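You will see subunit A twice below: alongside subunit B first, and alongside subunit C after that.
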Partner chain A sequence: MDKRINELGKTIEKILPEVDGVIGLKSGPSGIVAPHLFAKERPEELAFLAVWPKEPVPDTLKIILRAHPDAKLAIVCRGCEERGIVEMFKHAQLKLDNVMLIGLQCEQSEAEFCRCAKPYTVHAKLTVGQPIQGVADPLTNKIAAMNLEERREFWKQEFEHCIKCYGCRNICPQCFCNVCALEDEKWVQTGRLPMPNPSMYHLIRAMHMTAKCVACRECEETCPAGIPMAVQFRLIARDVKEMFNYETGAVMDQKPPQLLVLEEGEYQRTGLPH
Partner chain B sequence: MIQYENVLTTCPYCGTGCGIHLQVLDQQLVGVLPTKNHVISDGGLCIKGWNAHAFVNHPDRLKKPLIRKNGKLEEATWEEALQTIADKFREIKAQSGPDSIAFLSSAKCTNEENYLLQKFARAVIGTNNIDHCARL
Partner chain C sequence: MNTEPKIIGFLCNWCSYRGADGAGMARLKYPPNVKIIRVPCSGRISPELVLRTFREGADGVMVLGCHIGDCHYSTGNHRTAKRMPVLKKLLEYSGIEPQRLYVNWVSAAEGEKFANIIHEFTEQIRALPPFRETMESRTPIEIKPAEKEAVWTSA
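What follows is the complex of A and B.
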């Protein structure tokens, strides 16, 4: 058995009696993995504990906490999922008082699969596995190096493949508005494919992910059209860092720029190269 | 005790057979998650699959058969509904022949159910008028 799963299993076993449940991944029929709530009443389920492929567990936490606001829960989270939970907390989507984070450090192959710059947790007190360095994102670098015309053409072609499944919005841990602009006829016309160019759907999502995207890549993974949309969010995240010195999920008590009242001189525009 | 689990199943909407997880919280269906590494859908879904849970407990869902009586649809028992259908089939077939009846099968059904319907059309009613909603 994988050493990391072993260690994670032991960690969860130790915590189980203290909490109402531990959110982790469980291997089901045909080895297909899904989020699951492990509980002390069913310790035998830990034999099916899994870690990969990763799943959108911050959303699972939100679903359970909405129904059980006072529940004491623990959650196994990777770096990106921890960032997702922290940002949800900052945007008042969940309370962290009763949530224990178990940080699962990603392995090299996993980080490379996700082209991840931060494959490690920073807030979780309990951690499993050894943190590794972030890896480069060749796709984002390639697109960032294009000139404006090439980039416009690249995204136009990508968005033409969109089948409007709304999967990227559904799976996103940072998409939690009760009223979604993407369901408003004014912006996104129903029944129209391919999307008009420029695609309001994708532009709205890009804007709404500003200072929110935690680079978990769940949107890319669920996209039936294979649109590399995390790239745009990563480029926006780069700008947000330059302009507001804000990185999602990094510092617990730093307010996201959307929640700040900015005055002239409070932030410095560093002169973007584009 | 809180219970949250995902039940692996197949999307009921068309014949593609995408894998979906039904999210079940405290015995209540609360949502759909795509299944990564699924042999058919590999973590992707279309908009119908993403909403495949929505009809299950929808208030508009029909739970009993309806029979039109005096121009109005009224709730009926299954026995009454099936009897009505059988009577009408017999009547129409006797009057206008078996080719006056056509069957339309569905991608929402299993292979076996689709097989049964064409068997019923050909062997019981006696017509080759059988088609499928995916050709519409």
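What follows is the complex of A and C.
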């Protein structure tokens, strides 16, 4: 871990004069790690550079770019955060013309913590650390192997713990709609607990994460009830890859399938009647 | 126990609804379980709408639209063709039988196809237990898989 911080510090130091600021993680006086804007005016702050735990930096980038559209920024991002930034770019949430990506490759222990299939960056020109192989996700595989009744019971018992704090939606880098279906009384009965079964809240969110979820697992980490909701998103991501040949964050120019009309051969893969 | 299944059919105004009209005009017989709701386009049926229909107690939901390429709004049914397969998969992953959601294409001239589809789908739903019942049934199974515990304690 230390080795990467040193290397990252040197990389940031090198590019600091060229840009207005670098978004990275900084540990505060009490040891709490939070996103921070490192600037050339305050190079001494680099001593408090941190890399773990991961924070939703794509949102930080978006907030700063909204306030300063012409700022020239660099951002330290892991594989998942890079995917988040790319998907935000595709959905016109931010512009990447003046943004430099600094890729931070995850370590084996971090990848295992996140059950991450792609703990490496793809688009970043500057990278820190050695890219490693993705790890298998035992929980997703287990649920994929269950039958219908087992799944029904599993999710029912998981969703019963939900306290509807909307934390998963708030932290998600891909949840940026101005009007949220989850706040609409028509679909989700707000303020009522426990969740009805089937849980409209989670099913709608899973549906809206189709071809958008970047598998950063921020939702699971932030959930006070520990609901493994990203499992549903990952299972659907497998199908989206099969049906529409789309992987989030993989190709910068590829548009998400929900924004396009059907293409040649796609209909046959959806399994609908001819 | 043997209650009649409740089915809601969302029919597109331009093709499927006319097809249903044609079936009625031709005096074709089909089961009365399907309550038809006319919508401007099958692309108007959002996943939220289907999920809410289930929540309100429907045992099956049908979404019928124009054939691909014949949409009155040129690409409205492309959205249906992209959304509904994903929604079916999601239902499956959440433990709801995916065959409760039915998507097909019926043109204005296909009254007979419409009647056949209703027959077929009603029989399909009749074979399943009522939706509400399946949601309430409670057979305690072992949850909290070891993998999950490991994940949450390793932090």
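Here, the second predicted complex is superposed on the first by the 262 of 274 C-alpha atoms of A that agree within 3 Å, B and C clash if a C-alpha of one lies under 4 Å from a C-alpha of the other, contacts with A are read in each partner's own complex, and residues count from 1 in each chain.
Rule of thumb we're sticking to: contacts are C-beta pairs under 8 Å (C-beta built on N, C-alpha and C of every residue); 3 or more make two chains touch, one makes a residue touch a chain.
Nothing here was measured: the structure is a model prediction, and the numbers come from that model.
A simple residue count on subunit A separates subunit B from subunit C, and the partner touching more is C. Of the two partner chains, subunit B is the only one that A:E55 touches; subunit C does not reach it. By the touch criterion stated above, A:T222 is placed in contact with subunit B alone, subunit C being left untouched.
With both structures placed on the common chain, the touch criterion links A:I63 to subunit B but leaves subunit C unconnected. Of the two partner chains placed around the shared chain by superposition, subunit B is the only one that A:G167 touches, whereas subunit C remains out of contact. In the superposed pair of complexes, A:A71 makes contact with subunit B only, with no contact to subunit C. When the two complexes are overlaid on their common chain A, residue A:L37 makes contact with subunit B while staying clear of subunit C.
Listed in rising order, the residues of subunit A touching subunit B in the complex are 20-21, 23, 26, 28-37, 39, 41, 53, 55-56, 60, 63-64, 67-68, 71, 163-167, 170-171, 221-224.
The residues of subunit B lying in touch with subunit A in their complex are 1-6, 8, 19, 21, 23, 25-26, 30-31, 33-38, 41, 43-47, 49-50. Residues 47-48, 51-52, 54-55, 68, 75, 78-79, 81-87, 89-90, 92-97, 103-105, 134-136, 138-141, 143, 145, 147-148, 151-152, 154-155 of subunit C are the ones that touch subunit A when the two sit in their complex. Only residues 112-113, 115, 138-139, 142-144, 148-158, 181, 186-187, 196-198, 200, 202-204, 206-207, 210, 226, 228, 232, 235-236, 239-240, 243-244, 257-258, 261-262, 267, 270-273 of subunit A touch subunit C when the two sit together in their complex.
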